Each structure stands twice: as structure tokens, then as C-alpha cells.
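I have placed the structure first, in the form of C-alpha cells, so that the comments after it can refer back to it.
For reference, chains read A, B, C and D in written order, and residue numbers begin at 1 within each chain.
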Amino acid sequence: MDRFFSDNAAAACPAVMDALAAANRLDAAYDGDAWSARLNAAFSEVFGRQVEALWVTTGTAANSIGLAMLCPPTGAILCHRDAHIENDEAGAPAMYNGGAKLMLLDGPGAKVTPQAVEAACARIRPDVHQVQPAALSITNATEYGLTYSAAETGALGELAKSRGLGFQLDGARFANAVVSTGASPADLTWRAGVDVMSFGFVKNGGMSAEALILFDPALAERAKVLRKRSGHLLSKGRYLAAQLLAMLDGDVWLDNARAANAAARKLAEAAGERLVHPVEANELFVRMTPDEASRIRAQGFDFYDWAPGEVRLVTSWDQDMEAVAKLAAAIETL
Amino acid sequence: MDRFFSDNAAAACPAVMDALAAANRLDAAYDGDAWSARLNAAFSEVFGRQVEALWVTTGTAANSIGLAMLCPPTGAILCHRDAHIENDEAGAPAMYNGGAKLMLLDGPGAKVTPQAVEAACARIRPDVHQVQPAALSITNATEYGLTYSAAETGALGELAKSRGLGFQLDGARFANAVVSTGASPADLTWRAGVDVMSFGFVKNGGMSAEALILFDPALAERAKVLRKRSGHLLSKGRYLAAQLLAMLDGDVWLDNARAANAAARKLAEAAGERLVHPVEANELFVRMTPDEASRIRAQGFDFYDWAPGEVRLVTSWDQDMEAVAKLAAAIETL
Amino acid sequence: MDRFFSDNAAAACPAVMDALAAANRLDAAYDGDAWSARLNAAFSEVFGRQVEALWVTTGTAANSIGLAMLCPPTGAILCHRDAHIENDEAGAPAMYNGGAKLMLLDGPGAKVTPQAVEAACARIRPDVHQVQPAALSITNATEYGLTYSAAETGALGELAKSRGLGFQLDGARFANAVVSTGASPADLTWRAGVDVMSFGFVKNGGMSAEALILFDPALAERAKVLRKRSGHLLSKGRYLAAQLLAMLDGDVWLDNARAANAAARKLAEAAGERLVHPVEANELFVRMTPDEASRIRAQGFDFYDWAPGEVRLVTSWDQDMEAVAKLAAAIETL
Amino acid sequence: MDRFFSDNAAAACPAVMDALAAANRLDAAYDGDAWSARLNAAFSEVFGRQVEALWVTTGTAANSIGLAMLCPPTGAILCHRDAHIENDEAGAPAMYNGGAKLMLLDGPGAKVTPQAVEAACARIRPDVHQVQPAALSITNATEYGLTYSAAETGALGELAKSRGLGFQLDGARFANAVVSTGASPADLTWRAGVDVMSFGFVKNGGMSAEALILFDPALAERAKVLRKRSGHLLSKGRYLAAQLLAMLDGDVWLDNARAANAAARKLAEAAGERLVHPVEANELFVRMTPDEASRIRAQGFDFYDWAPGEVRLVTSWDQDMEAVAKLAAAIETL
């Protein structure tokens, strides 16, 4: 059975396993260890500027702590209706900042457009009776596998700035977006006005470590307090830091994403007209009747039924390319 | 340099490292995997009754989720003034349940007495103006390395019940308490009236997994929602479940605690009259002048200065017994 | 200048002013006084069953406390996109229950339909990743001056029950709905499945008192704690209770609403085809060009510009019927 | 029966009742009316500098909104163990700011001393594991009827500043403190470093209006949002503003406090050695056996049993001085 359920479910990559073994000795607790001490420098090199990087164990934590830096309890976060923070985090952002509201935007492929942001802001009266927008959140790559280019991100960043909104990036699949767009990490983030981001590793071959990146180092102190208060300051933090360092080292994170994207592209070519959205990362949404889906599954492949007549395929860093080729052929012969 | 800083900082034990390697393959995400599916049964065997067991990554999360099951936002949690939830969790319990207050009790060695609980309850008028106590929390072994016997726990449990209080146990060092008291896990918990507990693994040789145990399975649904909402539902949860199972299997958790306790006992014998508290687990608080402490450190040992004229030594599952013997000798010759 | 801005801005009615004078003597503090003691009985008579009635000073407090009885911090409240709790309460419901989310429904005239509720529920996967609906809130009369009949309310109540949702009624203009529909207070509320409601008085001739009605008396204890905790337990509560009693006494509340509704009906007849929504209570939304609006204002009337080409007129319990007639004439001659 | 229960329970004074009648006409809603517009100027004159003044209906709301301006969700508020915010507000401060913790100080007569503040701060490690103090709150006059002089307040203010703590004053009986100390409102507040205060009117002859005073006008915007979000922005706010203006006008607030204090002084002279605390405002705590208390009650006086062998007497602005003289005589003849 070859599974195309979710990159969430894949194994951890060898670099990560090796790093865990190497870190398996006594060091200082929490984030006082030698690995954690190297994080800021390692991520600063990725981004070409000084950043603060905090390890956490989930994207939900990284998103929620980051958003709490930008949005007060009384404010609102603008995001797409299909965003992970709206649909898949059980209301975590409101728990972390004490009640913030998500204001939902529409747009194809889960992408936020400047027009949608403008329209949402225009609907709000600037008075004490209405919750006022305080932050904008986007996801790159999106929940439907689309990417924002550096220019698209920059346009949203400028708009956010002009409206006084903080700008957060959910980068659960940031690596896939970087290799897909060819843009630099810097151009897709701080140069485009992003203030904080969650930088995903787990879907990309990590085991249990994600990074919260603060482009404004002044935010780090508050973020560290909230990481502790939310129960995310692990006492043996070195095992998280080691995972992140191992994947940055030698660009494992980019190689892994390239592999996943390549597998998706291969399937996308086979799916052709059946695709619901352009495939720009490692997710495919494919029109398929229940009967067609059954026939594919009968050949040993598994995946989600996403909507009536539509399935979702997700490829991972370690997807077996032979299986991919077989699945592509199976789709083509439908 | 031999360190006696904290069991928080020790390495992960071989059983845990092996389990991580064995779990390193694709399975279902979150807690849908084969390892997570075995948790309830494994812990139910430990406790001799049906329990629900949830993995989380920190004791702070386990404590806070558990307490939120017992105390509404408008209620108070009675705990010792030196409890971890009061002093070392950055206010997490209040974040998790929406504002609960900790009402602080005094008592030697960080132990809660029935008298202290009674006195605290008696001070509260039963009206809407005062925050009403809703839960009692104790720590076994305590922050000062003392243990509660089954009888002591049971007396508190009865009192809690009679006062309508939920009863939570912070078991960050539960293993050390079990081997020290010789009492069964059941007698130290549910038979003594405990409703929920955090069951510590990380200080005892785990890497990044703790367990939240719910003796009332009806609480599991809400607890799972809060685990997700607080960002603690890791997508590759099997790596946490595998750690817990590996340490329960063959009683590794008890062996590790025995080793740590034995090391502490050895040092306690050497410290004799210098001990501030009885040594019933793996922590020692030893009277030592700054000059004496320097002399010990000069011999290659490190540890915390706890208070003026007092140092703290903590032993771990993997403490080198030769180093322990040398430190014991060094203390004796002071 | 005759103002048709808002019933929020009108004077307090004579019965209320008299009651305040009569209550102006020493009595017990908070809600221990003679007036507060009569509230439950007075409202129970209105509703034909035993209810618990709590005075508060604002509809926001009444709504938020009531909703917090029905929706946990981790749940969601279904309401119309144009509901007061969504648009005009600054996120109060989330503050009161610790983070609840509002799930927004569409529908003409700010009315919630069973279809919209069903569709919203159907979109939610029953898992821990999504916030689960816990309560349904409707407003009668709605923000656009429409009413729900007893049958319409009952259909929503049945649906709520079948979905396990609590059912809250924002009755800021409940009096207007009662006199407009001719239905009994009982038929519009608990007989239709409503669990809690805010019963508005301020827009209807009160000064500073609203009522929170709990049809399940078991909810009263928690509601009283939250009233206190949110700072709404006034120390001289008798002045609030007295206002409510004065308006229930001799059906002043119904007379006042009849007057406001009658004034609105008079204007509605004049507006005819210009009406954006049917006029079933005391609010009118009237199509009017800016130039037309200016001409009306020039004749001494004032009101809100609601949307491009649309104005809002609200009538009050004390609206001068001569002025109403003049305004009606002015509208007719546009 | 002459009652000495609480100033909370007294009638509203004539100036307030007259003001309500005068305000009983249509004006703009919320705080857009003519009375609310005069508040800042009126209070600025009292304090001899520009302040922002917001009406609310309870001291709990005034305290909680004010404290939320000074203390983040992750911080702590230092206050006396007997403070109203700790004992009598049902945890409201934590609800308003999202979880803040109260750190309790000891000291005779419910007075906070610089030593107690220093000691509490010294106990806190400056790390992310402990909740860090963010604000200091005192009550003048205290819950036991003692006052802080301008110098005492100033010493605390300086200490707060040096520790980076905001400084809040609970002035539920501020009028009593002003007339008792003879200090100016300015010297007891902003000149002494106070950032925000609740300025009490209800215990001093008001009906339902208290003032939140912000000495830093930059805080007003956030405070207004929180007033709305907490349900304290009444739609007919003019009735609250009118009460405050009426009591400031002609120094009614000072006259009322003088009357209450004078009554208390008269009783204090009679109580002499029986007094538990010095009587510096309008509260007396008097040692009295149950039998003695019964004998006094038999003569037509009522009051609280405060503690075994101790009763509390509170005098109000409208206390009948003949009854006071009789009670004084009764106490003397015990």
C-alpha cells in the first residue's frame, strides 16, 4: 500500500535521526544547550539578516505564538477561509492571545488577494464597537498547494503596512514554496514585509521540531515567555534544535522539498485536466468519481476523499518514485 | 565535570532511542497511529484499571490540561507555594483554563497537609465575590524530594472529595515516588482519590514525551480538544507514544527511578546532618558554605546554589555511580 | 430637530424615573435587596414558567453571560453575519467564555434559517482539529427590524436540539417582536427551545437595566458568578431591579413597544417601495439618494446613512407622533 | 434599625437624583453625549492636569480595566492579601487581561509597604519560568479604613518606577482618603507616580457610576476598547456622566466623604481601646464579644460580625448623626 495521505505522516529523514543520536548526551536544560544556542545564527544565514528563531513542536504553536506577537486580544486576524489557523487548529490563536477573532477572506486556491484584504478592512467601522483588524496571515504554500511569489507576498506586505497590520506567514510548507518559486527565503518573507513566520520542518522530514522565526528580534522576549506559558518549552530542547540544524545543514530542507515537489509534478502531469488547482508544491486535488477512486485504490494506493468527486494526494520527501510512476500511470489510464 | 544540576538535562535512555528508531516509518498522523493506539492499554495495566492516557511533550502541558478538566475559569486551584505549577510554569494553568487562580498553601518540604487545605477553604466565603476552590494539586515526589505515602495521598483525596474539589497529581517524578514508597501506582493515585495526573518520563530517561492520565475516561474527550487547541497534538505522535511504551515495557521507568534514587541515597548518607529535607527521591538540599561549595566544585562536580548556604543536587537515571561515590566522599570530608 | 437615530438614545420613561426615586433608600447591597428579590417571580409570570432573571446594565453583558452558559471556550456560536454579537460587541462573547468563535451565517434581513444552520454544521468535521458548534444565537427582532414567529423560532429550536446546540436569543428588541408577532413571550422563547435570552429594556424606555433570563434555573449559579467576575454586579442593584419591575408592572414594556412599532409602521406606509426590508418592528431601512436624504434632513429630521443610497430610521417609545406624521409626509412627497 | 453595614448600601444623594432627572432627555448614545463630553475637563480640574476619565458602573470594572492597561496576560499584579481585587472581585482582573496573577503582600491594616514590595520582587527569578511582576496596586483608603499619605504613596510610586511596575490605585474610598489626609488629589495620585486609578462614587452617594482615571491619556484608546468589550459601554451613558459631574460640582464628593468620616470619628472616640485599626476613613473594626454585639444590636443598630470577637461598622454620607451619637454612647457603656 503506497500512501499519499499526508506529508504529516512520513518518516523522519536520516539527517534528523542522526542528529538525535548525536544530541543524546547531557547538556543544559530548556534552551540553554549548545544546539539551541546555534539556532539564531543558522536561521539568520538562511534569511540573510539577523532573526530570532525559537524551536517549538507544532505548527499550531508556531502560528499561535507568532500571531499573538502581532494581534492583541481585542484585535482580529485576517486570513483565508481555508487557512489552517481557521480550520485545523481548534481555535488555538484565540487561546494564545486571549480571544482574537479570525476575519475570513475568500479567494481561489486558498490564496489571499490584496482586493480581499481591502474589502474586509473597508467593512469595519473604526470604532470601539467592532473588532479591529490587527494582523494579516497567509500560508505559503497554501492549503491547496499554490504558492505566493515574492511579488505577491510583497504586495500583501505593503498593504498590511499601510493598514497598520502585522504580517504573519504560515510556512508549514515553506520549503516547498521556496523550491517551487525559486525565490529566496528573504524575498518571500522579511523583504516582502513579513514580521513573523512559522517555518515548517515536520512535513518535510523532521520528527517533532518546527521553528518560529521573528524578523523583529525585539519580539523574542515576549515570544519566549509565551512559549513557556503555553507549555512548549521542552526541558530537553536540544533534541529539537538538533533536528532543525540538521535539516538546515547542507540544505537537506531544500532537497527534501524538491523531492516532494517533483513527485507531485509527476502526478500532476498525469492528472492533467482533472486538476482542481494548479500544482505548485506537493499537494494535488484531483477530480475523480468514487468509482475511479476505488479503481486506483485497488491498485494499492491510498489517499483522502476531499470533496464529492475530488481526492487529495500529498507527496512526501521520501515518496518512492517507482510508486509515483505507477500511480501516475494508473491515473492516466482512468 | 560531573553534573548534578537536574534530571531535566540527562540523556535519553537506550530503550527510548531504540523505540524512536523502530517508530521511524510512515503511519497515520496525530494520534491515529499504532503506537498511540496501545497507550490506554499499557497505562491501564500499570494502574490496574481502565484509564485514558494522552501523550504530550511537557509536564506543563500535562499539568495544565489536567487541571483544566477539574477547575473552571472562575475557580481556584489549591497548591503548595513551592509547587511547580505556581513557580515554574509561567502561569500556564491560568492560560489553559481561562484564568484560574492558584491559592497557595504552606508546609515543610513542599508537602500539602490536610490542615493547610482545610484552613484555606475555611478562609473563603461561599459567595460570588470570592473565587471558590475547585481543585487540589499535589506533587509526588515534591519539589524538595519528599514523597507522599498512599495513606497521606488518600487523606488528601478524601478531604478533596468532601470539599467538592477535583484532585490532580503532578507526577513529574512519580516514578521516584513509586520506588521510594513501595506503594503501587494505583494506591498512590486513583485509589487515593486522584482524578487526573501528569506522569513524568522526561526527567526519568525520556526524550520528549510525558503522559497525561485521566482516571475518569469521560474526561478524555475534552482533554483531547484542549491538547489540540493548545498546540500539543503533534502530527507525528507515534514518536511520543513509542517513548512511553518503551519505558513502560519491562519496567524501564522503575529501573531508571531506582537508579536515580539510589544515587541520591548514597549522597544523602554522606551529607547526614547537612540535609535540609529528608531525601526520599532523587533530590538533595544540602547546607554548604560558599567556600565548601567551591571546594566541591573544584573536584569536578557541578550543581545549583539553591539559597544562601544551601545547594541542590539532583541525580539522574544514568548517574555514574563512581562519580557519585567520589562526590559522597568529597561531601563527607568537608 | 426630530431624531430617528436610535432607540438607544431616547429618554427613560416616567415609570422608570418614578421607580428610581422610590428605590432611593438604604437597602441591602448587590442583589440582596427587596427589589432584586422580586425579579424571578415577575419574569416567571411573564413567561408562564419558573425562570431565573438577573439584572445587568447592557445587552452585551446579557448576551455574553448567557452565551457563556451554553458554549465552552473551545466551542463555536452560530449566528448571523449581521448579528449584534458579531458586529457591535467588540468581541465580548469571546472575552466572557475564554475564546469562543462565532461562525457566521448568511440570510436576508439578518434572519437565520434552518438551512443556513444545517449547512454550517455540515461543513464542520467532527474531530479535534476544528472548533465544534456549541450554540445557536438569533436576534428577535433582528438588526434589520424583522421578527421571527413562534413557529420559525421553534423550527430553529428543534434543529438546535437535534444538533446538540444550546439556543440563545438576543432580545434587545424582544418587546417589539412580541407586540409585532402577537405571540406570547413563552411561545417565542422556552416553548420554542430557547435556553437563555437577553431581554431588552434600555431601547424600550429603560435607563440602564437589562435582564438576562435563564429558562434552565440550574444555570443561575454559574451566571451569577460570571456577572460578578465581569464587573456587572452593581453594589446598588436595587436601582436596576426597580427599573425592570416598573416596566413589567402594568405592561409598560408592551405599551412602549407598541408605540415605537406604530410609529415605524406609519413611516413604512409612507416609504412603500423604498423599503429594503419588511418593517416588522421599529426599524426602517429606506432607499434614498443623498440628495433626497438632504431634503428630508433640511425639514428637521435626522437619521443614519446606512449604506450608499440607504438610510436607517429607528423609532422610540416616546416618538412624537406629530413629527412622525410630518416625516411620513416628507417621505411620501420625495 | 440604624444600619452600619456598608456604604455600598446607602441611598443616592440629592445632587445625583437631580442630575438624573436633568439628563432625562434624548441625546447621542454611548459616550457621545454632552455630559460624557465634559468628563475629561471636570476630572482634569480635580487633578490639576490633563487626564482621561471614563465612566463605568462598578469599581470592579474600573479596577480591572485599569490594571489591564498596566499588566499583560503573562504578568503579575502585586497587591495586599486583603485587597478588594484579590478578595472581592471574583477574579475579574484575570478575566480582563487574560490571566494575570495576583502576588499577595502582607502588612497591617491592608497597607502595602515598600519592604513588602521589595521582598516580593526579590523572590522572583527574572526568567521565563516565573510570572514576572508588572504592576503594583494599592487601595486608598484601605479595606481596613487606613489611608496612605502623599509621601507613603510617593515612596511606593518611586519603587514601582524603579522596578518597572505600573502603579494602580483602587480609590473606591478615595474621597474619604482625600478629606482624611488633607492631601490634594494630585499629591495622592499622579504626583506620587500613580498611572491609573478607579475613583469611587457609589460608596460616597452615587447611584451607579464610578470613574476610571488614566493619568497617561495615551492609555485611553485601549481602555475604551476594553470597556466596550467587557460590556460596560452603556448605551445611555449620559446618566452615568451626569452622576459624576453632579458630585464633582460644588465638591459634593468631598462634603459627602467629610460627613461619613466625621461619623466614623465620633464612633472611634467611643470605641477607644476596642479599635483593631486606627480609624482614618469611614470604617471601624471594633473588638466586641458576641454578647456585647447582641446588646448593641438590641438597641437598634446593625452591622457585620467581621471575625471572632470583632465587628465592622461602616458609616455613610447620609448617616444620621443622632443615631451615630446613640451608637457611640451604647459602645461607651459596654
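Heads up, the rule we're going with is that a contact is a pair of C-beta atoms (placed from the backbone, for glycine too) under 8 Å apart; a residue touches a chain by one contact, two chains touch by 3 or more.
Quantities reported herein were computed from a predicted structural model and do not represent experimental measurements.
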Between C-D and B-C, which chain pair is linked by more C-beta pairs in contact?
-> C-D
Which chain is most remote from chain B in terms of Cα centres?
-> C
Hey, how far is the Cα centre of chain A from the one of chain C, in Å?
-> 42
Hey, how far is the Cα centre of chain C from the one of chain D, in Å?
-> 34
If you average the Cα atoms of chain B and of chain C to get two centres, how far apart are those centres in Å?
-> 50
Chain B touches at least 2 other chains through residues 73-74, 89-91, 95, 98-99, 128-129, 225, 228-229, 233
Can you list the chain C residues touching chain D in their complex?
-> 3, 5-6, 8-12, 17, 20-21, 24-30, 56-58, 60-61, 64, 89-92, 95-96, 202-203, 207-208, 225, 228-236, 239-240, 316
Any idea which chain B residues touch chain D in the complex?
-> 73-74, 76, 87-91, 94-95, 98-99, 101-102, 104, 128-131
Across the complex, what residues on chain B touch chain C?
-> 72-74, 97-99, 128-129, 222, 224-229, 233
